[in-house]
Amino acid sequence: MKHYWPSYINKTTKAAPLAAFRFLFGLLMLISLIRFWYYGWIEKLYILPTFHFHYYGFDWVTVPGPWTYLLFFVCGLSSFSFAIGYKYRLSIIIFFLSFTYIELMDKTTYLNHYYLVSLLSFILIWIPAHAHFSVDAYKHKGLANEYIPRWSLDALRLMIAIVYIYAGLAKLNSDWMIDALPLSIWLRAKVDLPIIGSLMDEQWLHYLFSWGGAIYDLFIVFFLICSRTRIYAFATMLFFHIMTRLLFPIGMFPYIMIAASLLFFSASFHTRFLSGLSKILLIPYDVFCNGLTYRRHINFDRYAPYILIPFFLVQILFPLRCHLYPGNLFWTEQGYRFSWRVMLMEKTGYANFKVVDSQSGKHFYVQNEDFLTSFQQKQMSTQADFIIEYAHYLGEHFKSQGHQNIQIFVESYASLNGRKSQPYIDPDVDLLTVKNSLAHKKYILPLHE
Amino acid sequence: MKHYWPSYINKTTKAAPLAAFRFLFGLLMLISLIRFWYYGWIEKLYILPTFHFHYYGFDWVTVPGPWTYLLFFVCGLSSFSFAIGYKYRLSIIIFFLSFTYIELMDKTTYLNHYYLVSLLSFILIWIPAHAHFSVDAYKHKGLANEYIPRWSLDALRLMIAIVYIYAGLAKLNSDWMIDALPLSIWLRAKVDLPIIGSLMDEQWLHYLFSWGGAIYDLFIVFFLICSRTRIYAFATMLFFHIMTRLLFPIGMFPYIMIAASLLFFSASFHTRFLSGLSKILLIPYDVFCNGLTYRRHINFDRYAPYILIPFFLVQILFPLRCHLYPGNLFWTEQGYRFSWRVMLMEKTGYANFKVVDSQSGKHFYVQNEDFLTSFQQKQMSTQADFIIEYAHYLGEHFKSQGHQNIQIFVESYASLNGRKSQPYIDPDVDLLTVKNSLAHKKYILPLHE
Amino acid sequence: MYQKISIIILLIVTTLSCNDTDPISAIDRVDSFDRSEMLSFWADEIIIPAYMAYANDLSEMDETAKTFFADPSASNLEKLRESWLEAYISWQSVSLFEIGKAEEIGLHNYTNIYPTNIELIHSNISNNNYNLILPSNFAAQGFPALDYLLYGIEDTEEGIVSTLSKEDVRTYAISLIERLYSITTEVLDHWTESYRSEFVANDGSSGTASVDKVVNDFLFFYEKYLRAAKIGIPAGKFSGSKSSRHVEGFYSEKYSKLLFQRAFTSVKDFFNGISYDGQRRGTSIKQYLDQIQNISNSDIDYSGNIISQWNVAQSAADALDSNFKTQVEEDNTKMLAVYDELQKAIVLLKVDMMQALNIQVDFVDADGD
Amino acid sequence: MYQKISIIILLIVTTLSCNDTDPISAIDRVDSFDRSEMLSFWADEIIIPAYMAYANDLSEMDETAKTFFADPSASNLEKLRESWLEAYISWQSVSLFEIGKAEEIGLHNYTNIYPTNIELIHSNISNNNYNLILPSNFAAQGFPALDYLLYGIEDTEEGIVSTLSKEDVRTYAISLIERLYSITTEVLDHWTESYRSEFVANDGSSGTASVDKVVNDFLFFYEKYLRAAKIGIPAGKFSGSKSSRHVEGFYSEKYSKLLFQRAFTSVKDFFNGISYDGQRRGTSIKQYLDQIQNISNSDIDYSGNIISQWNVAQSAADALDSNFKTQVEEDNTKMLAVYDELQKAIVLLKVDMMQALNIQVDFVDADGD
C-alpha cells in the first residue's frame, strides 16, 4: 500500500484510446450544437422566453440576447477545434466555459447528459488528450507521444463508472423495482410502436425493463472493464441504448454513452481505429507512434492529479446529498439534480398562482402563459424551487405595475408515478416570504403514498 | 486486468494478523457469553418470556427451555476452542451455528454487532485462521505455516470495511446531519456526566458528534489501510469507542471493533504481539515461523473463495434493499435491520390492542404486560412486524380461550427523533387479516415531518 | 474483434438514424386500445359533423343577412339574429377542435374574441379600409362584433335596423359574416378532402400524434375558453374585480348561459365519446382512461372523478341567470362558485388524466434524458 | 509503534472497565437543568410529607379502631370509618411513589388490591391461621378488605357493629390495620433515615437513576392504577363487560369518586411540582419539559399538551356520580368517556414526554448498539 500511489501515478498507457475519445466526443458535441441550432431551440428555449429560471447561486448567468447565437457558435467552433486537437488546451477550456454557461442560463432545460458533458470537458482540460492524433502534435513534434500517464485515461473511465453506478443505485427504489413505475406508464403509451408495440401492455415487460435497466446500470462498467466480457457488455449497451432511443426522446445521449464506452476498449482496438481513420483522412499516423511517453509540459500537468482528486471526491459525495433532506426525494426533488437520476419518475403538475392584496384582501389569479413558455410551465409546476423563483418574479412584476402589499400564494397539485394528484406546495404560505436556499423546504406538503 | 484475478488469489501474506484476530475474537466471544450468563440475561431474555418474536422465515427457531443454558455453554466452549485453535474448523462451525441460533431465537434482542459476530464467524469457517499460533498447528506440524493466502485476511478486512462504510452512509440523512438528531436528544440527557456533562446541552457539540461520527465511519477504514495514517486512525478509533462506551450502553461492541481494527495492522506488529504472548504462555512461537505457506488441505479451501464471493455480493446488496420500500425508512423500518444502521434514531411508541367480536361488536383491550416482557413491549410498540406477529399471537390466545369471530385492532402511536407522536399503524385494519411478509406494509401510516 | 465491433456500430447508428422515419411497417396489435378507431370516431362522428352543422348555420346566417339587407325590417332583423344565435351555438361545438387547418389559420381568434372592440369596429366602418386578416382586427370581427352590430349599435330596435341599413355598416356586417363562412368552409374542406385520413393515420403516441394534439386542444378549450373566458374573467378571477363587459354575448344580454351550456355539453360529450348527433357512442377518452385503470390495477377512478366533478359544476351552472351580465352584477358569488367547480376539474384533467394517458401538456419539442 | 499501541490499548481498556463505577468526581455544571434540586424538592416537599401524613392517618385509624373495639357502638364505628377514609385518601398521594423500600416490600399490593376476596377474608377469619405477607393474601387485606369489614360484612349498621365485635373478626381487622401501619412506617423510616440522601444523590441519567425511576413509577401509577383500576376495569375496557364489583370502595358505596379525584390531583401536582401541602412550587417535570422544548427549539408544547388533556379528563370526571358503582350500572358511557380522555394523555406521556426526557419506559438492562 505504502508505495502504491507513486507507482500508480507513474504508470503509462497507450494514448490511442484517449485521442479517439477526444475526437469522437468533440465531433458529437459539434453535431449536438448544430442540431440544437437547426431545430430552432436557441430561439425557442433561450431568446424568446422573457424570464429564465436560474440555478441556485448562478443568478448572474443571464441570456445575452441575440449574442446567444455567437455563444453557440464559439462553443461549436471550440468543439471542432478540440476534436481535431488544434490549440487543444485553449479550445477545451473555451468549450467547457461556453457550454457550461449555456447550460446555466436556464435550468428549465437541465438534462443529466448536459451535466455529464460539462464534467467530461472539465476533466479533458487537465489531461493530455492532444498528445496523439492531433493537429497540435502533428505540428509540434515534441508533443507527439505514443504513451500517456495512465491516470489520465482512468479519470474519464472513473467518471463514466460514477455515472452508471449512481444511475443504477438510484433505480433501487420501490416505485422502480416493486411497481415498475414510471416505465409501465411510459411503455403502455407506446402500443403504437411497430412490431414490439403489442407487447407494451404486458406487465412482465415493464418489470423486465425496470429490473434489466437497474442491473445494467449497476454492472455494465464492471463487464466493460473485464476484457473477457467486454464484447458482450458492449452489445448489451448497444441494445439498451437502441431501445431507449426508440422509446424515448433522448437526443444525443445514447451516442455520447456509446462513445464513452469505447474508453474501456483495448489500446490495440483504438490504434487500428485511428490508423484506419488516418488512411481515410490521408494523415501519416506513424508520426504519433514514436514510442515516447507524454511528460509534464506545463504547470497544468503537474497539478492535474491534485485538481482531479478533490473533483472526484465531490463527484462521489454530491449525489448523496439528497439524503440530507427529509421526505420523498421524487416528491420534493431536493438534491435530485446532478445525481445521475435518469428517467426515474413521471411527474405531472399544475400550479395556479393567486396574487393577494394583504390589506384589502382582494385577489386575482395569474395566467402563467403570460409569463412562461409551456416548457417552463411544465417544469415549474412540479419543482418547488421553480415555483418559488417564479413567485418572486411575479411579485416584482406586479409591484412594478403599482400593486402594493402583495402576497403570492399557489394552489398546486402534482401527481407522481401514477399516484392520485395531491396538493404540492402549502397553499397558505405567502411565497414572497420564503427564499430559495439549500435548506429543507418546509412548505412542500408531504407525499401520501 | 485479464490476469489480475489468478495473480491475486495466489498472493500470500503473513499469518500472524489472522491468528491474532482469531485469538482475540474468540476470547472476546467467551467473555461476552459469560457476561450474558452472569447478568442473568439468558433467563430474562429467553427463558422467562412466554412468547418470542421470530425473524421472517425463522419461525422454526424456538427457545429450547432450560436447554438454552446448554446452548450457551456449547457456544462458549466452542469460542474458547477456536480461540486457542483447537479442532478449529469444528469449533468455529459449532460456534457459528450455536451463536446464530441464539440470535435467531428472539428478534427482540437484535443488535447489529451480534449480526456482525455471526458474519465474522461465518467467514472464519472458510479461512485457515488455525494455520498459525494454534493448538492444531502445534500438534500437527504439517499445519503450521508462516504464510497464508492473502485473500483470507482481506475477506475479514472487507467485512469490516462494509460495516463502517454502510454505517457512515446511513448517517447521511437529514435528521442526523441537519438536525443532529437523535444525538441531541441523547446527549442532552447526559448532563449528569462528570467533567464533560456541562457541555452536553451545547448545540455545537451535538453537531460535532453527528458530523464527526459520519466522517469517522465513512473514512476510518481508508485511514486504517494507509500505513502512514494508521496510528492516527487507531487513536481516533479508540477515542470514538471510548466516547460511545461512556455515553451509551453498548456492551461488548467497542471491544469487538477495536479487535477488528487490528486486522489492518502490519504483520510485524502482530508477530511481535504473538511472540510476546507466547513468551507469557510459555509456548515455543518459533515453530510457527517456518517460512511455509498454507496450501489447500481439504476441499473447504478449494471452494472457499467461491463461497465468499457470493457472500460478499449479498453483503453489499442486502443493506440497499430498504430503497425498495416507499416511505421514511426510520418510520417504517422496512429493510432497516442487517444494514449497519447503528444508533440512528430515537423512537418511542405505544401500542394498545383492541380485541373485537366482529358479530356482537363488543370489544376489550389487552394489557400487554400479561404477555410480553417490558423489553418486548418496548420493541414491539415501534416496529410494525412485531406488532403483526404479536397480534396474531393474541388472536391465537383468545381463540383458544373460546372467543370467536375475533378481530384485532391496534391504537398505536410513535414518536421519531423528537417529532410529535403520531398514529403509527392504521387503526382500522384488522391485524389478523394481514401477514408479515417482505412486501410493503401498507397499513403503516405515513410519517408527517 | 475490431471488425465485428465496427460493423455492429455501423448497423446501430443506421438503425438509430432511421428511427425518425419509422421505416418498419406497423403490424396488427392485439388487446390494446385502438387509437385509430378512436380517431375515426372523433373525425367522422364528432368533428366533421360539428363543422358541417356549423358551416350550414353560417350559410343560413348569410342567407338571412342578405334577406335583411334587401329588406331591412324589425322582423328580418329578428330572423338574422336567430340565425346568428344558431351559428354562435354551433360554434361552441367546433371550438374545442382547433386542429389542422383551424389551428393553422387560427379559427378561434377570427371567430370569438370578446369583449369586442367598439371603437375599432366604428373606425373600420368609417374608414372602409380594413383588413380582417390582421391580428389587430381580431377584436373587431366574429360573433362578438356581430353581437354588437345586431344588438348594441343603437338603443332601439328601429335605430338598429336603420343604422345597419347604412351602406358602410352593411358592408362591414356582410364582410364579417362572409369571412366567418369562408374560413369555416376552408377548414371543413380541408378536413373532408385530405386531413381526415391524415388525422386518423397519425395514431402514434408522440407529442405530435393526433390523440395528443386533440387532448391538448380539448384541455386548452376547457381551461381558457370555458373556464376562464366564459366564467372566470367576467367574475374577476384574473383581475381582482368583476367585469360584466367580458361576458360572452354582452350586447344581446340573454344568451351567455346558453352558449356556456352548449360549450360545456360539447366538452362532456367529447370526453364520453357521444357522437355530434347524440345518437351513437364510440371509443372515447373515458374508455381509454378506464382501460388504463384496469391494466394498471389502479385504484384511481380517473374518469369517474372527472365526470362527478363536472356534475357538480353543472349543478352550480344550472343555478346561474340566463344572462351572465345580470349574474355578475347582482350576485357574482354564484359565478365564482361555478368557476371554482370548473377549476377543481382542471387538476383532475391536467394532472391525473394527462399522467394516466402519458400525454404531455403542450408538447415541447426538446430532448429528455 | 508496537509499544505505543500496547500502552494506549492498556490505558483504554482500563478506562472502559472503570466506567461502571464512575471514579471521576462530579464538578459543577452550569446552565443545565438541576436534577438533584428536583430530587430534593420531590423528596422533601412531596414524597416524605405525603408518607408522613399517611402514616399519621394510619396511626389515627389505629386509635379509633382501638376505641371502637373497646366500646363497639354505631358512633364509634362511624369514627373508625372516618379515620379509614382519611387514611385511604392519604394513600392516594403516596401510591405513585412506589420506590425504595415501598418497591422492595411491594407496598401497593398489601394496601390496595381490589376487588377484595370475601371468601378468603372469611376463611382467614375462621381459620385464624393466615400469613398476611403471602402474595395469596394480597386480596384479603388493606383498605379494600377494611372497606368490606366496615361496610359490607352485614346489611345493617347494628349487624356490622356486632359482627365486628366478634373475637375472630376483631383480631383480623386489628391485624389488617396494624399491618398497614407497620409496613408504612417501615417505608417512611427508610426514607428519613437513609434513603432520602441516596435518592437525591442518584441524580444521573441512567435507567436506574432516581429521576428515571420516579418518572416510570409515576407513569405506571397513572396507567395502571388511575386509568385502568379506578376507571377502565369497572367500565369493562379490558374484559368487554362492565363490572361495578371492580369499583374502588365498592362496599362503602360513596367514596370512589373522592378517591379517584385525590389520586388524579396527586398526579397533576407531582407533574407541576406543587408541594404536598400545596404551599410551594418547586422544580418539576413540567419545568424540565419546558426547558427541553426551549433548548431544542421544538415547536411541541410537551407540558401544555399534557396539562390541557388532563383538564379535559378532569371535566369529564367531574360529571361522574360520587359513587362509581351507580355510575357504571346506570350510565357507563360517562365512565368510558373519562377513560378515553385519560387514555389520550397516555400517548403524550409515554411517547412524547418519555422521548423528550429520553427516559426509557421500564428500563431494560441489556445492551444496545
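Note that the chains are named A, B, C and D in the order they appear, and that numbering of residues resets to 1 at the start of each chain.
To be clear about the criterion, contacts are C-beta pairs under 8 Å (C-beta built on N, C-alpha and C of every residue); 3 or more make two chains touch, one makes a residue touch a chain.
None of these values were measured; they are calculated from a predicted model.
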Per Cα centroids, the chain farthest from subunit C: D
Whole-Å separation of chain centres (CA-atom averages), subunit B against subunit D: 40
Computed distance of Cα centres, subunit D from subunit A, in Å: 67
Chain contact topology (line, ring, star, complete or other): line
Every chain pair in contact, whichever chains are involved: A-B, A-C, B-D
Residues on subunit B engaged by subunit D in the complex (per definition of touch): 39, 41, 44-45, 109, 111-113, 184-186, 188-192, 194-195, 197-198, 200-201, 231, 234-235, 238, 242, 245-246, 248-255, 258, 265, 269, 272-273, 342-343, 346, 348-350, 352, 355, 357, 362-367, 373-375, 377-378, 413-415, 418-421
Partner subunit B, residues of subunit D touching it in the complex: 1-2, 4-6, 8-9, 12, 15-16, 19, 22, 24-33, 35, 203-205, 209, 228, 232, 236-241, 292, 295-296, 298, 300, 343, 346-348, 350-352, 354-362, 364-369
Subunit A-touching residues of subunit B, taken from the complex the two chains share: 1-2, 169, 172-175, 177-178, 225-228, 320-321, 323-328, 440, 442, 446-449
